[in-house]
Amino acid sequence: MNLDVIISYIPLYIEAFFLTIRIGWLGILFALAIGLVVAFIMHFKIPFLSGIALVYIELFRNTPLLVQLFFIYFGLPKVGLSISAETCGFVGLGLLGGSYMAEVFRSGLESVPNSQTESALALGLSRKQLFLSVILPQAISQSVPGILANVIFLLKETSVFSAISLMDLMFTAKDLIGLYYDTKEALFLLVIFYIIMLLPVSVIGSFIEKKARFRTLGV
Amino acid sequence: MGFEVLLKGNNMIRLLTGLAVSLKISFISVAISIVLGVILGILMAFKNPVITVITRVYLEIVRIMPQMVLLFIVYFGTTKALGINLEAETAAVIVFSFWGTAEMADLVRGALLSIPVIQYESSISLGLNRFQTYRYVIVPQIIRRMIPLSINLITRMIKTTSLVMMIGIVEVLKVGQQIIEANRKASPTAAFGIFLVIFLLYFMACWPISMLSRYLEKKWEN
Amino acid sequence: MEEILKVNNVCKRYEDITVFENMNLTVKRGEVVVIVGPSGCGKSTFLRCLNALENIQDGEILLDGEKVDAASKNIGNIREKAGMVFQSYDLFPHLTVLQNLMLAPVKVKKRDKKEVEKEALTLLERVGLLTKKDSFPRQLSGGQKQRVAIVRALIMHPEILLLDEITAALDPEMVHEVLEVVLSLAKEGRTMIIVTHEMQFARAVADRMVFIDNGRIVEEGSPEEFFENPKSDRLKQFLQTFSY
């Protein structure tokens, strides 16, 4: 491997790294927002909307992100809905992630035992107080390991952004390989930058998961 | 809106053939993953320190490396570093099996360790020997835990095969692009129809499998 | 003495299964009523009807003169008057002991935080758990959790306490510490309805015993009469099962 080549590539990768992170985290925040709303709709069995929520979850969980992005980026403009590649990236990631986050939040809400509801009602708490002070905090802390697993999954999924010509890490690597044939160097940096992006999240994730498992033993 | 292109010539059949390529890669990879994953999972359950360290690193690589990066490494990297000219489909099967084996192994290990010790103890105190304990008590429980999750792996595999177009395999998305290109003049809006149809094709391939996995999981829940 | 709870001809049915019917019970202020009966006789369900955790199909329940009905607007206020303690403690696992105690007084009664905290600490001291105020429920033993649950009900200043088999999930050595607390509450004149399987405790704490079997009140009376001189065969049989 040629060190000079690696050094000369680094600035390009740093730029791509920040683009990937920016769109990735925007998409993840979007996914969390969608997930919470959809989970509420399904938890409270709001008529009509919960039907839509179910269709949404099934559609997006059972199709690949790449296909979703192609449809949004290349398909929708043909019926008059054009969006930029960046917007398409985070919207696509948000829609995909929302369907996964919704399932996490929903099972978090369901994991709070019914007896918690009863003892809160017996204390005279209103339905709203019950939900906000008793159910929601427990549901969210139950959801943390699932959320982190999905964050890792979604950050990995950003690698398909290159297909809609976003200049992310993957795109940069592919471009450099195509232009200069320094395959080893380009791939090496690709791996390094994905490790920088994902290893910390993964380590934190495993740590919290272990802690969460320990906690649930003694409630 | 671009649906008319599908009815032209054998376009729909070409799309389905493209989907078949993805499905073929997924099923081969799943089959390999299950076999290797079960073996590795059993090895991991023995808690040998050397195996533990190696598998930790292996699982962590799979956990954080996007499949696309792995595809690039295997497809472009091997050509360069090892001088082997790998078929794109072979590269895809290697990568997906590498990934699937890790997932399966982790599931098998988890399922093995999740069987409470009391199950072994009560089998033995009933007079069952070691083999009978595994044959009648432990393995059936593990299989019940494993099957829904392995079926779930198939759908994830199918979804991930959409990436193989990026290393030049002509699968459903690539065929879609070719059709759109060929009909650029005649049907300028073909991209909408074609990509919507591909979206639905993937859905129709994955959804029944997801439902089956969920049904079995519910049924065998104890 | 003034009547605090009146149950008139109450029936509870699920679809075609009748849990109990024609239940009548009057509880006076300061009275301790202990309900016993075989498992599945409907005694716990009956208790849960009293603060509308279960709805009833017929009859009416009056608590401090107000009708208990889950659909009524001020059901929150009515439930405040009936403090309930459950078999499975059901402390809120995401809150500390002190936060568990303060949640309802602050959120429901809108009381001053400082004042509630002071009261909470006094009550915790009384049940011997002052040092655990910042612990989380998972760090407590079963008996400690149950004592906190009792305080959580007490701090709402309920007119009546409903205790639903509060020692059934406890290890034997912890039963005592919880029953001690209940006994001291009885001595200070609290109104309570207690469902329990602890017969010795029942005898010590009760002003009146009620025996429910097959969805009806079979026998009731003073503890002496109830244990020494049971009239019905069903009660005799039931009490037999507790002696070896």
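In this document, chain identifiers A, B and C correspond to the written order of the chains, with residue numbering beginning at 1 in each.
The rule we apply is simple: contacts are C-beta pairs under 8 Å (C-beta built on N, C-alpha and C of every residue); 3 or more make two chains touch, one makes a residue touch a chain.
Remember, predicted model here, so these are calculated numbers, not experimental data.
J.: Both chain B and chain C are touched by which chains?
T.: Under the touch definition, chain B and chain C have A as mutual neighbours.
J.: If you tally contacting C-beta pairs, which comes out ahead, A-C or A-B? Let me know.
T.: Counting C-beta pairs in contact, A-B comes out ahead.
J.: Can you tell me which chain is nearest the middle of the complex, judged by mean CA position?
T.: Closest to the centre of all protein C-alpha atoms: chain A.
J.: Report the inter-centroid distance (CA atoms only) between chain B and chain C in whole Å.
T.: 54
J.: Can you compute the centre-to-centre distance for chain A and chain B, using the mean CA position of each chain? Integer Å is fine.
T.: 20
J.: For chain A and chain C, what's the span in angstrom between their mean Cα positions?
T.: About 47 Å separates the centre of chain A from that of chain C.
J.: Identify all positions of chain B at which a residue touches two or more other chains, and write them in rising order.
T.: Answer for chain B, listing residues that touch two or more other chains: there are none.
J.: Could you say which residues in chain A touch two or more other chains, in rising order?
T.: Residue numbers touching two or more other chains: none in chain A.
J.: Quick one: which bits of chain A touch chain B in the complex? Just the residue numbers, please.
T.: Those in contact with chain B are residues 58-59, 61-64, 66-68, 70-71, 74-79, 152, 156-160, 162-163, 170, 173-174, 177, 183-184, 187, 190-191, 194-195, 198-199, 202.
J.: Quick check on the complex: what are the chain B residues that touch chain A?
T.: Touching chain A from chain B are residues 1-2, 60, 63-69, 72-73, 76-77, 79-81, 155, 159-160, 162-163, 165-166, 173, 176, 180, 188-196, 198-199, 202-203, 206-207, 210.
J.: Touching residues of chain C toward chain A in the complex: what are they?
T.: 48, 51, 53, 76-77, 79-80, 82-84, 86, 88, 90, 92-94, 103-104, 107-109, 137-139, 149, 152-153, 156
J.: Tell me, which parts of chain A touch chain C in their complex?
T.: The contact residues of chain A facing chain C are 113, 115-116, 118-126, 129, 133-134, 137-138, 141, 215, 217-219.
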